[in-house]
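Note that subunit A is present in both complexes that follow, paired respectively with subunit B and with subunit C.
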Partner chain A sequence: MIRIFLEMKAQYIKTEMEYSANFWMMLFSGVLTRLVSMAAPFVIYSNLPDIAGWKRDEIYLILSFLFIAEGLCSVLFEGIWQMPAMVFDGKFDCILSRPVSPLFQVISYGMGLQGISVFLVGAVSLPVFLKRLDLFHPLGVVLSLFFVLCGTLLCMSIYLMGNCVVFWFDAGGRTTIPYTVSQVGQYARYPLEIYPNIMRFLLLFLVPYGFICVVPVEILRGSAAWTECFGVAGVSAVFFLVARAVFYRGIRHYESVGM
Partner chain B sequence: MSREIKTGQVAARCVRPAAFLTQYLAEMVGALLIQGAVNLFVVLVGFLCFGRYMTIPSASALPAFALCLILAVMLRLMMIDVFSLLCFFTTGYLGISWTRAALFDFFSGAMIPVALFPGWLKAIACCTPFPYMLQAPVAVLLGQDTLVGLPAVYGLQTVWILIFLGLHGLIYGLARRNLTIAGG
Partner chain C sequence: MINAQNLRKVYKINVKKSGLKGALGNLFHSEWMEKVAVGDLSFQMKEGSALACIGENGAGKSTLIKMMIGILTPTAGQIRVFGKDPRKAGHGYLRRIGVVFGQKTNLWTDIPVIESYQAVKTLYKLEEKVFRRNYDRVVELLSLQPLLSVPARKLSLGQRMRADIGMVFLHSPELLFLDEPTIGLDINVKHTIRTFLRQMNQETGTGIFLTSHDLDDIDEICDDAIVLSGGRLIYDGGLEQLKHRFVQDKMIQVVGKQEGDIHSRLPLAKIGAEGRVTKIVYPVREYSSAEVLAAVSACFAIEDITIEEPDIDEVVSRIFAGEGTA
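Presenting the complex of A and B:
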């Protein structure tokens, strides 16, 4: 299955590279959007000494975890974002008629080119800021890889749940709900202490972007106990199982619209 | 427009007996009026709920603001138009759209007010068209520093509109010279 998955991704990237202008534009936009995201803390910290006791490099570390998770999700699981269009134009029928897991087919469909550059920005900035914060030691690296793994799974689960809405509320092949959820999650680019309790709850348990990037950095900098690693893994696993259940529940609700 | 270019539906726009830019502007202004009404409603609700935390603009600033806003909207429309035309050459619109959004969000002051930028970054921002689309009208309305002075704001908005008009003519001319419509 993994070989088929990688083979499909290889074919998608070959297809995309045929349109070279668009290919490079997508990579450029991925880098630019993330550099702009990193410029925001730069401006804030040129006016403020710190944010709730957090240093600028720690904010960049939060962003690095977020970029890697988002980038990997975009490269590996872009098909999730194609679900609304598949349901609207009837392509989802093909998914259901093949003797392969529908979830596997959806996640292996397509490839987000900008994800490559988003991932690269995160992959470059993560070791840089780990080093600047004196966290570039074996334990720090192992924990970081663990958080990347959990964060990517969690990010995929959030996207999947958001896009499953299309099974119940079709909006002409496009739905703004998963995009809105993703935008809400962007508030987790900053320490959760600065938000009111309701917002913290939202970012930890409803749209759990906090577990993708903020909680990992809290553990690494020592402001949260290392046992919270189990919380990160647990939330990731639970959200994946719930997302999977919602997806299959949605399929039961799916009605073909014809080709 | 970028989606129309990608799907080939732009062919219909090219053969209509009206200028390409006129069609685009008419369509965008129509959409903006509806969007503007919705946004105004949201702002009014915001004022009703959180008015005590907000600054009420002075009525004397309204005439200067109205002109600045009209120029800002025209400038924004022209900028979107020029970026969208680039889709004729890339066959995709997401990369262009995200690039435009990233530049606009940061340099316009939508993300963080330009006034908070360090000096060198503020100078760079003032050399781009983006602050004159958002930061400048807001500063005029609230009677704050417009960074370059009100007459210069009007002048720069007009100059940037003319630059984008020129770019529109150039890019559209290049695109029409060797246009291949895919799909449709």
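Presenting the complex of A and C:
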């Protein structure tokens, strides 16, 4: 199963490379947009000494985790974003008529080219800022890999849940809800202390981007206890299971109403 | 193979009011209307046979197919395929069937056809031997060789359909559901596909359930037919009987000199002569073919004679016009 998944992804990369101009454009634009968003903390910290006691490099560490999770999600699970279109144009019927888990078929479909460069930016900046913060020791690296894993799973679950609205609201394959959700998540680029409580709750437990990037850095810099690692793992696992349940419930709904 | 009992599917449709005012109203509360897509349908399909489902647009054909595959839950009634409920039989059931929706593709659109075939091999966990045998067969019979390295989205409709039909045979399905498999194709491709389907049905005993608008599809592939209209079954039986039941007139063309008075022998027939060719259109309820032939041979010095088979196109348009159903 994992072999076919990787084979499919390899196929998609091959296909994308056929259009070399497009390929380089997408890579370039991915790098550019992420570098621009990294410029924001730079500007802020040239004018302010610190934000809620956080150093600039710690903010960059948050961004690195976010980019890696988003990038991997886009490379590996791009099909989730195409699901609304699949339901609308009937391709989803083909998926349901194959004896293979529909979730597997959805996530293995397609590949987000920009994801590669987003991932690369994160993958380069993560070790750089770990080093600058003196966190580039074995424990820090192992923890970081663990956070990347959880973050990617969490990111996928959020996307999946957001896109599942298609099963209940037929909007011609277009809906802005998943996009809105991922936009809200972008607020988790800064320490959560700066937000009012309601926003913190939102970013931790409703759209749990906080657990993808902020909480890991809190643990690494020592402002949160190391036991919060279980929180990160737990939230990731719970969100994945909930997203999976929502997905299958969506399919059941789809099957009873048809479209 | 398939057994449907009082099958029924009702959709709830959101009724949109027209105009800007209506659209504003829709934002706050929506009205729902029930639409019966399939109503109290009962039929059976024999093992290894080829059954056609005929019906105009919106007659409930696709809904029926989706219920048989198990991707739609019937509102009432029951359906059994291979003796089991498709909704509950799960992946084991899906492994035994194949599905082609004429308007959609099963191929992965961005990757070469051969990679899609390989993916099917892995997804269905096919043995190399079985895969090889089926693969060689479909590639040969559907002339797929030149298409294999092309991504599906670059194929023409006809090429894509051939690749799609080929793909559905790779896992040796026992039963195929084809929803309008030849829609929009040119005559050559249609012919290739029909011949292929017929051959697979006869050689491997693969059951075929086919919906189509194109009556030649049905004629060339299937033996039996069900006819749906407005979600209801209005005919179930052999294709030949279907033609006969809905045909009211037949025509005989005679070439040769007229020697006797045909009018007095067949007063209810319409007779028109053009030079040496005489066309006799007679109602089948009044005269048997033997009577007509006897009359014709008594009145003409026959050089040539042809009896026109009723055209199934005409038959079906009669059915939908509501004639002959009484």
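Keep in mind that, in the parts below, the second predicted complex is superposed on the first by the 254 of 259 C-alpha atoms of A that agree within 3 Å, B and C clash if a C-alpha of one lies under 4 Å from a C-alpha of the other, contacts with A are read in each partner's own complex, and residues count from 1 in each chain.
The working rule: a residue touches a chain if its C-beta (ideal position, glycine included) is under 8 Å from a C-beta of that chain, and two chains touch if they have at least 3 such contacts.
Since we're looking at a predicted model, the values are computed, not measured.
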Touching partner for A:S29 - first (subunit B), second (subunit C), both, neither: first
First, second, both or neither for A:I4, with subunit B first and subunit C second: second
Which superposed partner A:A39 touches (first subunit B, second subunit C, both, neither): first
Subunit B versus subunit C as contact partner of A:K91, first or second or both or neither: second
Touched partner set for A:A21, first subunit B, second subunit C, both or neither: first
Touching partner for A:I13 - first (subunit B), second (subunit C), both, neither: neither
Interfacial residue positions of subunit C with respect to subunit A in the complex: 9, 11-12, 37, 63, 66, 69-73, 87, 90-95, 97, 99, 101, 103-106, 108, 110-112, 115, 118-119, 122-124, 151
Contact footprint of subunit A on subunit B as seen in their complex: 89-92, 94-96, 98-99, 101-103, 105-106, 111-112, 116-118, 121
Touching residues on subunit A, where the partner in the complex is subunit C: 3-4, 7-8, 11-12, 15, 89-91, 93-94, 96-100, 109-110, 255-258
Residues of subunit A that touch subunit B when the two form their complex: 19, 21-22, 25-30, 32-33, 36, 39-40, 43-44, 46-47, 113-114
